[in-house]
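Note that the chains take the letters A, B, C, D and E in the order they are written out, and that residue 1 is the start of every chain.
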Amino acid sequence: MNQHLLYSLAAVLVLGLIGYAGGSGMPYLFGVIIPYAAMVLFFAGFAMRMLGWVKSPVPFRIPTTCGQQQSFSWIQHSKYDNPSNKRDVLVRMLLEIFLFRSLFRNTKNEIREGKVVYNLEIWLWLFGLIFHYSFLVVLVRHLRFFLEPIPALLKVVEMLDGILQIGLPGILLSGFLLLGAALFLFARRILIPQVRYISLTADYFPVLLIASIAGTGILMRYVAKVDIFTVKQMTMSLATFSPVVPEGIGGLFYAHFFLVCVLFAYFPFSKLMHSGGIFLSPTRNMANNSRAVRHINPWNPKLKFVTYADYEDEFREKMIEAGLPVEKKE
Amino acid sequence: MSDKLKVLAGLLVLAVLITLPFWLNAGKSGAAPEIVIAEAAKKAGNCVESKEWMAANHMALLDQWRDVVVREGKHIYVSESGQEFNMSLSSGENSCLGCHTSTAEFCDSCHDYTGVGTLYCWECHIDPSKENK
Amino acid sequence: MVDIPNADELIQIDRTPGKESWMDVPPDLSEGRFCYPAKPKTLEYLGLPNARVWSPSDEDWQLPPDWQKIVHEGFKERLDKYRSLKVFMDICVRCGACADKCHYYIGSGDPKNMPVLRAELLRSIYRNDFTMAGKILGRIAGARKLTPQVIKEWFSYFYQCTECRRCSVYCPYGIDTAEITMMARELLNLLGLNINWIKDPVANCSRTGNHLGIQPQNMVEIIDFFCDDIEEITGVRPNPTFNRKGAEVLFITPSGDAFADPGTYTYMGYLMLFEAIGLDYTISTYASEGGNFGLFTSSDMMKKINAKMYHEAERLGVKWILGGECGHMWRVINQYMDTMNGPTGPKMEIPKSPITGTVFKNAASTKMVHIAEFTADLIRNGKLNLKPGRNDHLKVTYHDSCNPARAMGMLDEPRYVLQNVCNNFYEMPENTIREQTFCCGSGSGLNTEEIMELRMRGGLPRANAVKHVHDKYGVNMLSCVCAIDRAVLPPLMDYWVPGVSVTGLHELVGNALVLDGEHERETNLRFEPLENAEGADE
Amino acid sequence: MKESRRKFLKIAGVSAIGIGTGSVLTAFASSGSKEEKAAQAAGARFKHRAESLKAGHWGMVIDTRKIDADLAAKIQETCHSIHNVPGIEGKQELKWIWPSDYKHVFPMQTNPYVSEQLKKAPILALCNHCENPPCVRVCPTKATFQREDGIIMMDFHRCIGCRFCMAGCPYGARSFNFRDPKPFIKEMDPMYPHRMIGVVEKCNFCDERLARGQMPACVEVSKGAILFGDLDDPDSNVRKALRANTTIRRKPSLGTSPSVYYIV
Amino acid sequence: MLEKAINGSSKYWIWIASLLLIIGVAGLAWMKQLDQGLVITGMSRDVTWGFYIAQFTFLVGVAAGGVMLVLPYYLHDYKAFGRITVLGEFLAIASIVMCLLFIIADMGFPSRLMNVIIYASPDSMLFWDMIVLNGYLFLNILVGWNVLEAERNGVPAKKWVKIFALISIPWAFGIHTVTAYLYCGLPGRGFWLSAIIAPRFLASAFAAGPAFLIILATILKKTTGFDSGEKALRTLSKIVCYALIANVFFFICEVFVVFYSQNPEHMDHFIYLFWGTGNLVPFMWASMILMVTGIVLLLIPKYRNNLSLLPWICGIVFIGTWLDKGLGFVTGGFVPNPLHEYTEYAPTALELVISMGIFATGFLVLTLLFKMVVGIKQESGDTTPH
C-alpha cells in the first residue's frame, strides 16, 4: 500500500484510540484542556496564516478571465466571468464560494478513435458540494450542545435534517451525507490512478479524519449510545467557562471529541486553509480592469533599460542612411 | 480598505462565530434541568433496566417494543433481572407513564435540554398529564 | 535533430502513472526533450549570472557553489513579493480537476505535466524550506530536499509549461500554473539556467528593439517590400511613416509579423487598413516589438523590454498606442504594462478612434488599444468597405490565443471582425475555444525546433479540434491573433491536420477590404489567384 | 470488571436489538423470524401476557337477526370511542364498524325478493380479517400484515399513507386520516392511541383487549349477537354457531375468505 | 454540456422564471397539504386516489412513449429517428420525474417514503413500480446523456451504451405494464379487473407519448430552429395513428366483454362513466369523440402529412387519451365503491395548484434537457436533417 495512505490510516486510528483511552484515563486533559487548546490553536493559526498571506503584496492584476471582457456596449460582457468592477468580482467570488462554479466546468477527457473527447465529470463538484454543505449543517446542528436554551432556528435545522422519518433515534441526513461524501472523496483518491499519484498524507489524512468524526458521531447516535445528557452538561460547562468533567461518558465520545479537537488544531496548518485562501486568490478576487485603472505595485523596481538615446547611438548612421529622422545629428 | 483590514474584519467575524456560544450563553447559567422522578417511579424503585442504560437507550427500546407489541402481539418485557414489564407507553398503571406521570418533567425537560429532536410519541399516544389540563 | 514519430504513433498515449513515487522519477533530459540553453555571450550582454557553456544532458550543470542558498533566498524573496505564490503554495487540495486540462499532459501522458504535479515540484521544496511540518516530517509531509536532480526536474518541466492558464480556469481556487512557472523560471535564472530561444530574443529586443534583431534600416526595407506587394495586388500604395514625431497613433506589433509568413500577410493587412481609413500613425523602429519574451523569463526583464513602448510614445508625442495581433504581448499590456511602466506621460490621451469617435474607455489608463477592438469598431460603424466574398475559397475557424482569452477576455471582437470579412466561419468544439481554448503547444518561448516532438504533443488538443471542423465542414484556414501562433501552427497543422493553413485576422481583413482607387484584384495577399475574382457577393 | 463486562454485553445487546427491529442501520436485510432470533440472542425476552386470549385463527359470527338499529349504533359507538376513532362527518369520515344494509354489504347477493326483515336489518360492516387478504398483498411497506392468529393488523408507525390497501380492500373496510383526527375525538380513551394525519386505520379485532384477556368490545356489548372465537377449534363457540346456522360471507367469489360470517 | 442549460436568452430565462414561480406557488400549496393533510384534496374514503395518481398513471405512459423512438432506431436501425431519439429519452426523464413527484404528493406520510425500501415488499406492485420507474429514469439518463455526449464529441457512443439502450426497450414496456398491474390485480375493483388494462395502457401510451413529441418538436422548431425532420415526424404520426386505433380497439373489446356478459360488478362503472349523473360523463364522451376524430384525421394521408396541421391533430389525440386515462380511468374504478355506493370526486383548487407545480417541474426538467440537446445540435451544426 501507498505509504501516504498507510500513514494517514495509522494516524487516524491511533488518534481515535488515544481519544478513546484518554477520555477515561485523563478526562480533564481530554475534556477541557485539549478542546480549549484546539480552539485557541485553530483561531490563532487561522489568523496567523491569513495575516501571513496578506503580508505579501499583490504586485500585479492577474485575474484569470473566463469570459468576454468589457469593451463595446454592443458586445455582451461576461460580467461574472470577467468582472470589471468590485461588485462583479464579489458576485464571482460568491458564486465560487457557494456554488463551486469553477469546478462545475470540469470535464474529463480521453483519446478515443484518434479524437480527444470531453466527457461529463460532475461528481467531484456534486460530492464536493454535498460534503461542504452537510459539514456546515452538522456543524450548525452541534451548536445545540453549546447553547441553552436551544434557539428555535437550530430546531428547525434539525427538523429539516431529520425530515425523513427513519428509525429511532431518527436519521439525520447530514451526518450520513457527510460520511458518504467523505468516503466518495477518499475512494476517488484511491481509485483514480492520477489522483492517487498526486495524493499526499496531507490529502488522505483530513478526509479520513472527517470521515472518522462522522463515523464516530453516527455510531454514538445510532449504535453504541452515550449518555447525551451528561455530554451536554460537559459541553455547556465548556461553553460557559466553568469546565467540569462529569463521569460516565463513554470512550467513544472522547474518541469523537478528540478527533474533532485534532481537526480544529490541524486545520490552520493544512490544506484545509483553502477555506481562507480562496478569498485571497489573486486570479479570482481581482477585476480585469487594469487597462482602465492603474494597479500599483508597492515594490515596483526602477530598472535601467535601453533607451531611445542608447538605441540611436548604436544605429544612428544606419538610421540616417535609411532616411529615418534622428534626434542628434553628428 | 486595504487587504489587511479586510482580512482583519473577516477574522473578527470568524472570531465572533467561533465564540458565538460564549456570547449567547453570557448571563445564563446554562445549568442542566433537574430531572424530576415522579412519586410513583420512586416507589417502584427501579426502571425497566438500569437508569444509565435507559438514559442512553430508551428510544431504541421503545422502537423495539412498538414492533413487538404491534407485530407479534407480545406485551410483556422480561428485563435482565427477570422482572416483567408491560410494554406500553401510556396505557395504564404498569406503563411508562404509569410511573413517570409527568411527561413535561420527565421527557421534555431532558429532550429540550439536549435538543435531541421533537417527540412525536404524543401525536398518537395519549399523555394523561396533558390530556387532563 | 531527433526524428519524431508519425501522428498515428504519437497519439497512442498512455496516461497511467507509474508505481514509483513521482519524487523518485528522474526527469528525461535526453536530446530532443529539452530546449538548448542560452549562450554565455547572451547572458553576459543581459548581465545575468553564471554564464557558461553547458548542456542539460550533462551530468554536471556547473551550478554556482552556493546554489542552494541562492534558490532558498530567491524563493523567500518571491514569497514576500508575490501573494499569488504564497497562497498557491499553501491552498492546493490536490483535487485533480486541473490534471487533464493541460495540453502537455493530454499529449504526453507524463504525470508531471499535470498542473498540480508541476506545482508540487516547487511546493515540495517550499514545504521543506518554509513549513514546520515539512521540516519535521519530511517526505510524509510531501517535502523533499533541494538536490541537483530537483533543479533538473524544474528545468525540464517548467520549460514544458506554456503559461497558458487553462488549468487556472478549472481550479476551484484559481491556482494559476503560469504564475508558478514564472516564479520557477526566475529561480532557475538565478542559477544561470535558461534557454536560448527565450534569452536570444530578449537580448535582441534590448538591443535592436525587437526579438528578431531587425535593425532600423531593415525594418524600413521590409515594410517597403510590403508596400510594393500591396501596390502590385491592389494598385494602391500605403505610405507608412517611421519614428515620426507628432503622429496621433503609434502602431506596435510583434516583429514576427514583419519577418515570417504568414505573419507578413497580416502586416500587409494592417497597412492596408490604415491606408483605407487614413490613420495618422507612425511605426517605431526602436519600439518595434509588441511581444515581450521577458514575460517568459523574469518580471524585471519583462519590465525593461516593455518600458520602451511608453518611452517611445512619450518621445514621439503620440496620443495613444495601437497594438497588433499578438498573444503574450497582450497579456503584458493588459496585466502588467501600466503597473510596471505607467503612468503614461502627460501628452497621451484616452484612446479615441479618429474615424468613428469611439472612446476606448476600457483602455483609459494604459492608453493602448488592440487592433481587433479597433477594427471591430470600424466595421460596426460602417467605416470599412468590405467584400467578404473574396475569402469565399476559405472555410475559416478561429483559434483563441491563450493570453487574449484568459488574461484579457478578448473573445468576441475578433469573431465579429471575422464574421464580417469572410462568409464561411465555423467554430471549433466549445470545450476548446474561448476561455477553454487550447494552447498552440509552443507558447511562452518554447517555439524552438529542438523540442519538436514535445511541441506536436502539446499542440495535439488544439490540432484535434481543428481536425474536427476540418473533417466536418472542410475547414481549411485557421485564423488567430497571435504571432507565435502564426509561427508554430503551420508545422502543427502539417503534422496533425494537413490541408489547413494559418492566417492572422488582418490578412483576412486586408483581403476583404476595398481600398479607394484600387484596381480589380486578381490575387489575394499571398499572390494566390482569386478563383471568382471580385463580385462574389455582388 | 464484572460490571464493565455486563455493560459491554448490554451495548452489544442493544445494537443487536436495534438491528433486529428495523432500526435503520440494517433493517434492509431483516425479516420477521430473524428479528425474533436476533432479539433473543441479545438476551431480551418478550412474552405474551398470561391472561391474553389465543387462537389458531380468530373468527367472528354476526347474527344479523339479533341486531337492531339501537344495538348497532351502540356497538359502533363503543368501538369508536375505545379506539379513539374521530367523529368526522362526510365523505372523508373514518369508521371501523358501522351499520349498513343488506344490499350494500352483500351487493351481488341480494335479490328483489329478499325478506322484509333482511331488507331493513342494520347489517354491520367491518374488516373481514380475510384469510387471503388483498390489502396485505398490496401494502408496499408491510404496514398492514396478517398475524399468525389471523388478525389483519395495521402498524401505524410504518404506514406511508399510500392508500393502496384501500383500493385493494373489496369491502370498503378501511379509512384514511385525511386530517388531524384529534379535534374530532370527543373523549380520549387513554388505553388506546389515536392516529396521526396521513395513515390508514381499520378494525383490529380489538387486539389490545384480547391481549388483556377480554373479548372484543363489539362482542361484549352485543348481548350475544356477535360471537368471537377460534375457527380452528371445532369446539369453539363460533364453530358451534356455524354448524348450527346458515351463514354467508361477503363476496365469496373473490377468494379472500373472510373470517367474519353472517347469520342471515 | 450542463452549461448549455444555464446559458440562454432573456426569453429563455423568462420562461424558466415563470416555471419557477409556478413551482414556488405550488410549493406553498404543498406545505399546506403537509400541514393539514390530504383533507385539502377532493379525495374521500371511497375515492382514495384522485387527480395525482391519475396524472402519475398518464405520465408513466408518456414516459413509456419515448420507446417508440428508441425501438425503431436501436432495433431496426431506423436512421430518421437517430437525431431525435434523445428527445424521446429526455421526455421520458421529465415524465418520470413528474411521476415520482405525483406519488410523493399523493402520500399521506411522505416523510416515511424510505419505508418502501427499508421494508421492501415484493408482494406489492407498488414496490415493483418504484423499482421499474427509478430504473427507467436511470436508464434514460445514462443512455441519453452518453449518446448526446458522444455526438458532441463526434465519436460513436461506447458499446455498453447500446446494451443499456436495448435494455431500456423492454423496460419501457415494463414500466407501463407494472403500472397497469397496480390496478388490474385488485379483486374487488371490477372496472380494473381485466387483463386488457396493460395492453390498453401501452396502446394509449404509444399514442400519447409520440403525439406529445410531435407537438414538442413543432415548438422546438418554432423557438430554436431545431428541425426534427419531416421523415421522422411522418413516421411518428403513423405510430400515433396505429397506437390510437389499438387503444380504441382494446377499449371496444373491454366494452364488449362487460356489456355482453352483463356482469354488473364490471358494467356499473361504465354506466357511471358514460350514462350516469356524475361529473365525468361529458369528459368521457369528449375523450371518445376526440380519439375517434384523431384516428380519422390521422388515417387520411392528406391531413396526416400536413405538418402544420399535424401538431393540432396530435393535440386532439393527446387530450383525448388524457381525458381517458388521466381523468376517467382512476376515478371510474372507485365509483361505485365496494358497497355499491356512489361518491363523487372532483379535484379541489389546491390539488390542481399542486399538480400544476409538478407539471411545471416536469417542464423545467424538460426545458433544461432540451435546451442542452438543441445547444449541442447547434454547436455541431446539426439543426436540420441531412
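FYI, a contact is a pair of C-beta atoms (placed from the backbone, for glycine too) under 8 Å apart; a residue touches a chain by one contact, two chains touch by 3 or more.
Protein identities per chain, from UniProt: A = Putative sulfite reductase-associated electron transfer protein DsrM; B = Putative sulfite reductase-associated electron transfer protein DsrJ; C = Putative sulfite reductase-associated electron transfer protein DsrK; D = Putative sulfite reductase-associated electron transfer protein DsrO; E = Putative sulfite reductase-associated electron transfer protein DsrP.
Bear in mind the structure is a predicted one, so any value in this text is a computation, not a measurement.
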Legend entry - Separation of chain E from chain A in steps, with touching chains one step apart: 1
Inset, instruction - Any chance you could name the chains that touch chain C and chain E both? - result: A
Legend entry - Central subunit by CA centre of mass proxy: A
Legend entry - Top-ranked pair of chains - ranking by C-beta pairs in contact: A-C
Legend entry - Most distant chain from chain C, judged by the mean position of its C-alpha atoms: D
Inset, instruction - Report, in whole Å, the distance between the mean C-alpha point of chain B and the mean C-alpha point of chain C. - result: 69
Inset, instruction - Averaging only over C-alpha atoms, locate the centres of chain C and chain D and give their separation in whole Å. - result: 83
Inset, instruction - Can you check how far apart chain D and chain E are, centre to centre, with Cα atoms defining each centre and the answer in Å? - result: 38
Inset, instruction - Determine the centre-to-centre distance between chain A and chain D, using the mean Cα coordinates as centres, and give it in whole Å. - result: 57
Legend entry - Junction residues of chain E - those touching two or more other chains: 109, 112-113, 115, 118, 152-154
Inset, instruction - Send over the residues of chain D in touch with two or more other chains. - result: 14, 18, 22-24, 27, 196
Inset, instruction - Can you tell me which residues of chain A touch two or more of the remaining chains? - result: 53-55, 58, 105, 115, 118, 166-168, 225, 280
Legend entry - Contact footprint of chain D on chain B as seen in their complex: 49, 53, 57, 60-61, 63-64, 66-68, 70-78, 80, 84, 87, 90-92, 120, 123-126, 128, 131
Inset, instruction - Could you please specify the touching residues of chain E with respect to chain C in the complex? - result: 152-154, 379-381
Inset, instruction - Name, in rising order, each residue of chain C that touches chain A in their complex. - result: 8, 11, 13, 15-17, 21-22, 79-88, 90-97, 99-100, 106, 111, 114, 116-117, 120, 131-133, 137, 140-142, 165, 168-176, 179, 206-209, 215-217, 220-221, 242-245, 285-286, 299-300, 303-305, 307-308, 311-312, 315, 333-336, 338-340, 342-343, 358, 360-366, 368, 373, 376-377, 380, 405-413, 416, 429, 431, 434-436, 460-461, 464-465, 467-468
Legend entry - Contact set on chain A toward chain C in their complex: 3-4, 7, 49, 52-62, 64-72, 74-76, 78, 81-82, 84, 96, 100, 102-103, 105-109, 111, 114-116, 118, 124, 128, 192-203, 269, 271, 273-274, 277-278, 280-284, 288-297, 299-301, 303-308, 311-312, 314-315, 318-319, 321-325
Inset, instruction - Would you tell me which residues of chain A are touching chain B in their complex? - result: 39, 42-43, 46-47, 50-51, 53-55, 58, 143-151, 154-155, 158-159, 162, 167-170, 225-229, 231-233, 236, 239-241, 248, 279-280
